[in-house]
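The letters A, B, C and D name the chains in turn, as written, and every chain counts its residues from 1.
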Amino acid sequence: MSTGFFGDIKPVTYEGPNSVNPLAYRHYKADEVVLGKTMEEHLRFAVAYWHTFAWPGGDPFGGQTFDRPWFGDSMDDARVKADVAFDLFSLLGVPYFCFHDADVRPEGKTFAESAQRLDVIAEYFEGKMKETGVKLLWGTANLFSNRRYMAGAATNPDPDVFAYAAATVKHCIDVTKQLGGENYVLWGGREGYETLLNTDMKRERQQAGRFLSMTVDYAKKIGFKGTILIEPKPQEPTKHQYDYDVATVYGFLKDFGLENEVKVNIEQGHAILAGHSFEHELALASALGIFGSIDMNRNDYQSGWDTDQFPNNVPEMTLAYYEVLRAGGFTTGGTNFDAKLRRQSLDPEDLLIGHIGGMDACARGLKAAARMIEDKALSGPLEARYAGWQSAEAKAILDGKRTLEEVAARVTAENIEPQPKSGKQEYLENVVNRYV
Amino acid sequence: MSTGFFGDIKPVTYEGPNSVNPLAYRHYKADEVVLGKTMEEHLRFAVAYWHTFAWPGGDPFGGQTFDRPWFGDSMDDARVKADVAFDLFSLLGVPYFCFHDADVRPEGKTFAESAQRLDVIAEYFEGKMKETGVKLLWGTANLFSNRRYMAGAATNPDPDVFAYAAATVKHCIDVTKQLGGENYVLWGGREGYETLLNTDMKRERQQAGRFLSMTVDYAKKIGFKGTILIEPKPQEPTKHQYDYDVATVYGFLKDFGLENEVKVNIEQGHAILAGHSFEHELALASALGIFGSIDMNRNDYQSGWDTDQFPNNVPEMTLAYYEVLRAGGFTTGGTNFDAKLRRQSLDPEDLLIGHIGGMDACARGLKAAARMIEDKALSGPLEARYAGWQSAEAKAILDGKRTLEEVAARVTAENIEPQPKSGKQEYLENVVNRYV
Amino acid sequence: MSTGFFGDIKPVTYEGPNSVNPLAYRHYKADEVVLGKTMEEHLRFAVAYWHTFAWPGGDPFGGQTFDRPWFGDSMDDARVKADVAFDLFSLLGVPYFCFHDADVRPEGKTFAESAQRLDVIAEYFEGKMKETGVKLLWGTANLFSNRRYMAGAATNPDPDVFAYAAATVKHCIDVTKQLGGENYVLWGGREGYETLLNTDMKRERQQAGRFLSMTVDYAKKIGFKGTILIEPKPQEPTKHQYDYDVATVYGFLKDFGLENEVKVNIEQGHAILAGHSFEHELALASALGIFGSIDMNRNDYQSGWDTDQFPNNVPEMTLAYYEVLRAGGFTTGGTNFDAKLRRQSLDPEDLLIGHIGGMDACARGLKAAARMIEDKALSGPLEARYAGWQSAEAKAILDGKRTLEEVAARVTAENIEPQPKSGKQEYLENVVNRYV
Amino acid sequence: MSTGFFGDIKPVTYEGPNSVNPLAYRHYKADEVVLGKTMEEHLRFAVAYWHTFAWPGGDPFGGQTFDRPWFGDSMDDARVKADVAFDLFSLLGVPYFCFHDADVRPEGKTFAESAQRLDVIAEYFEGKMKETGVKLLWGTANLFSNRRYMAGAATNPDPDVFAYAAATVKHCIDVTKQLGGENYVLWGGREGYETLLNTDMKRERQQAGRFLSMTVDYAKKIGFKGTILIEPKPQEPTKHQYDYDVATVYGFLKDFGLENEVKVNIEQGHAILAGHSFEHELALASALGIFGSIDMNRNDYQSGWDTDQFPNNVPEMTLAYYEVLRAGGFTTGGTNFDAKLRRQSLDPEDLLIGHIGGMDACARGLKAAARMIEDKALSGPLEARYAGWQSAEAKAILDGKRTLEEVAARVTAENIEPQPKSGKQEYLENVVNRYV
């Protein structure tokens, strides 16, 4: 039974590209088969609880803009919020959602009370999940909003904060497992520094490594089958965050021997803030064997902060899903909309419209990427470009069978003078434009 | 005997802070002892051959502005250039210089001819080094200017380019060793991509790793005692370079088992382009055990490209040298001025003035940093801030003797509720301002 | 008769969206009518002589990559270049081209010789223009490459440089008029500063204003019917350029009473460098009544310098052409491709492919924008949003018939408490996605 | 009588550069004479009420960190806040403060109630100002925090919001006048847009112009003697703000004929966000005749948002005060610290320490700048550089007595070929380093 928050809006259905109904899908058809899987199986959409239900519309210069009946500090408010959330999941027909502990229950006066409240809501969720068939893509702990974390969670100068954070993560993994969550995410919003003047970066990095190792050990011990994911972000809220980007996280994982235990959850907006394209971060994670999941959104190119907008640029999204497909597609991961309405988008229907637009744009991106793969539109030319490395001598170099001086000797002996070939960038860009 | 290029300018001497002589040091006194070493030993200044002698003053919208008698393509030009270079080294009294092969000899028609020309110049250098006492901080190969490298050197789709680059590096290491160079640097200006559409990043990364391993092996084999250094840069000339920043290089080194063989040469301007402060990159390299050397310069904060200006902001440089000193100071590394005059600075004396200003600013930074260390101005408060981690229980966590669930249990049992303490950032910033 | 540079490539024709021929238009059909005009009349495409024929492929870290038979310093080279240029114009079927004096003739030993050479080429152009029907969208003077301009042209500390620049512009306007150019452009690449320390900004701004006034007066006097255009750019090559962006140029024009005499030529890449979206600059110029023409290209969002790539993102281009159409479309202006191939795109056909992709993307953008206008897809909701300002009282405020205290009194009297309405941003973004 | 909030801290006094007392001035000596005025008269320091007393320490990812006894919604809280504020002003010995209406009184249920509450506090302020001698540098209205302003104040699509904002500004000017405020500031944090898709920029710009004209008229009518100031900021909170930077504001003022009525309040952090150096914005405002006042703070160079930190880089501040002094110094303007503690700086004494550090850095900057002026360290070389423009012919050009063709004719007749001279940038940078 619906909460009525969305009025008489009916479940969103696929009406095809010519529909002008703002509450219909024009491109996302859950059961349409693409490259051997349904779009639902490929995209694995999830709604983010925080932006969609917990964010009041504030920004650094203004307060709440949204009027939501569930805004408040009581457990009843939390239940109304959950009711509306599952209404929205059902109206959209998304298979997944994601949440932080702090999104779903009011903070208690003690750790124990906060934990107990989360348990109550988790049970409430269980019922609703059974009822609706909606599943948990991932759970996570909010280790950044409360003032206790202002100087870091795992990387705090105070070991009591490390302990508090550890207890929180333990409980959140428990709850994630209980709800059948397919991944567990860590985003280290306060794991960084405001100033090096008061920071022992080496020590803090050790603390972070130890924290992650303990987390991985615990997840294994309790038989959590999901993937542990780190979500890189270069900065904001802090001046510098230790999980800066995919490359940085990789070095960190290698350092603590966790590169086979932990993968990354890559967010478009965070890639942009780190100075990378989204597809770069995806391609790199794939190359390094740590690709896990994505936080789909979009960052405004003229803003220097994380705008977390709903994505809409299909050509860009095509390149993103192309990398996802090249990486073999999602296994436990999925497409989580870490996206929030603009604070002026006040209407309940805006919550649906934002997601519909994002899902349709993803669907277009996925389909275009799939066709590029089917046509070998990019992979054909790529293979040709590197064909020289298939020669026996070239392979010998890469396989470690040649020394620098041997290669050097051959250059002189054969008087090698390489001749450059066109990189064909504009040609390839035009090829992509055939698909989007 | 001087070339006369600098007219009747006499060797630059220390005249103290009240001097208004633009051709005197006001702060750099080579033999002044700071923290137990002379300033010369601490700073280990080097002049960069490329910017100072080879760069014609062009930019993307304009051509040559400098009139230099040695501009030309002959070996005689190369010798005049060397003469003037050693004049400048002597006038400045710097102990070191650095060069690329392409800076010092005209390119030949074949690899063999280019190599032979480099040998001729190397011999010429040997004489001048003996004469003047100036030493080689590092040598390097220019693997980016020639069109053969347009699509990468080690990471080129054409294995012949890899081979040509390998032969070039081999020879440059030979020459560096011959000249007693204390380090060998690799900067991968073309090791990256312009577009992912034509790039196999995983393969290229493998090529780069193989290339570096071969280089390290060769250096060992010939008994090169210096340090192999990678110089990170995020982009420019390419859209993305694989040696993006210190954290990225670390992950790369770990991947190929080279983290104990190779260190980093950190440039201020490249740190800024990568979204970091210079001191961040230095502190991180030190924390990771890969700090090697610095390319001292300054990037304009309003420009999005590498401006390679002479440094002048003493408060910022103080923080940089503070990290250098915390890392134990330079061993084989030093302070190389990877800095060029503005293209409007046409006068021969400007070459001296740029270096003098940079050296004086470094000297002020070093002295301020040394006094902060002597006073424990920052390290005292730092130790106090992390004091909690000295407790037995906290150490047990870090040492791997506690599990997540044990720590969590303690939080509930002891009802831990951490109380934040002031981070004192403004206090510490004011403390630094006492020293600069 | 063709030069043969492009081999046996035939004139590029429209083959429709399903074509996979890289040398065919898939969207640009010159004579297709859109909103009452042909696409050719709407888009008014021009090829830029500099990037396409004069640029050797260099970047700050590498030299020439392109092999072009016309690279050289003779007038014969200049004629070959012109021959190939008109070949390309004809193959593409573009109606216009644009050039700087320095693109088309080798610099002479004196001003007089340079001018005479330009006259020779202009005459050569006249013949080819008659022959092919290709017209001149605009001419301009290169006041930035030669070292004499290193410290500015009009804004140089040396009045002789001002004079030299004035003579150059005079002659370039003469030639532009002679060739029937429909606009004359000024881009002040050196009109700015590298450092305020040696700059009298107030004086230089006066010099720039005087220069522009003289230029406008001269153009009028000789009966030049075209539009004088300023092309804003925030920086690069200098640290700061006086024609920073549209808003800055507007203030400058107002200051010298030229806001009705001069319009702006807006480049996508320059908008991005200035921190704006392209559509922002277009909409602002239109609002201020100074919209003139566009330099169509694209800037890489991860690069901090002007990459001048061929455009390819249709959703973004749709928003740009939407603003062009809202501004009434081009009058004397047009779509000039201030875009260069990537330096690795070595093949002659790449020159065609780059333009074809850009033209097709423009055509898609134009058509999508036109349909949005026909459907009032955005203008309908916009009108509704501001409907309140149609009330008599609101109009009275805007018309200057109310004082602050009168309005304030009404707020208290009527106890006004405004109620916010949804801004519907996501809805509108989804609407746009129906068209692209 | 003190509130006791700052414990037993005594008024901050000047102890000289060797003091290590964190609660003493090391450089700011209020009555020290510099260039004929006391430092107090030059710097005209003001404390900003909002950051120092109203900001709870939140950021986009975390809530309140500061415990302040006055946090709450009652008028009693507001009075305690005022008591502590004047304690701080007195302890610091600053001559001025600045405030928004929303900083000093809780919002009422109606406009009338809000206004009445402001009147009550204003009266309370009057008493405290008389008691302490602290004056009001400027007052301003908060037209951005309340959700009614989410889509703009003067530029709102709803004319009722314009009216509400007008009433608010009227009342704030009344109060500012009543308190003897020396300026009135308008910062248009919501006067901009989130998306052009729902924005009529031309109309909104007209609304903004009308609003400003009404404000200027009203201020004149009531005999307000202070200066009306606009504070430019490029973006944040919105994607684009109409008062982008100094150049943009100038064009806007010209458009509405207000360039002699309104000046600018320039903030360091906003200059940086707009892509400019602080000294650029100051020098430009001075050149345009609209320099008014400064919001002194510092923006983190690695953050893309407004960090509003206390300033500490003396070399940069020297260049800023150099421009202030060149502009003739402040008249009604002053140095307002639009700076907030980092959210981890929890201690009451941190409020003092932040200001002390900022004031000392300003004092150092002022003194260094003054000595550069006394020595003509920069102005001497500057005059020499432009000396050519003193010739009769050069003056004739600038005075409008020469046409383009006359100047061009002279170039040919005299065969002018300008010879570039060194710009001496590094020399001048070294000169500045003699003073800082």
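FYI, contacts are C-beta pairs under 8 Å (C-beta built on N, C-alpha and C of every residue); 3 or more make two chains touch, one makes a residue touch a chain.
The structure presented is a predicted model; accordingly, all values stated were derived computationally and were not measured.
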Candidate from C-D, A-C or A-D with the same interface as A-B, over half of contact pairs in common: C-D
Pair of chains joined by more contacts [C-beta pairs], B-C or B-D: B-D
Centre-of-Cα separation between chain C and chain B, whole angstrom: 40
Per-residue overlap in chain C, given as positions that touch at least 2 other chains: 65, 147, 150-151, 194-195, 235, 240, 275-277, 302, 342, 344, 420-421, 423-425, 429, 432
Residues of chain A that touch chain D when the two form their complex: 57, 59-65, 144-147, 149-151, 189-190, 194-195, 235-237, 239-240, 273, 300, 302-306, 342-344
Touching residues (chain side chain D, partner chain B) in the complex: 20, 22, 26, 65, 272, 275-277, 301-302, 310, 312-316, 341-342, 344-347, 350, 353-354, 356-357, 360-361, 420-427, 429-434, 436
Complex contact set, residues of chain A against chain B: 110-112, 115, 147-148, 150-151, 156-164, 166-167, 169-171, 194-203, 205-207, 210, 213-215, 217-218, 221, 234-235, 240, 244-245, 247-248, 250-252, 254-255, 274-277, 279-280, 283-284, 286-288, 319, 378, 381-382, 385-386, 388-389, 391, 393-394, 397-398, 400, 402-405, 407-408, 410-412, 415-421, 423-425, 428-429, 432
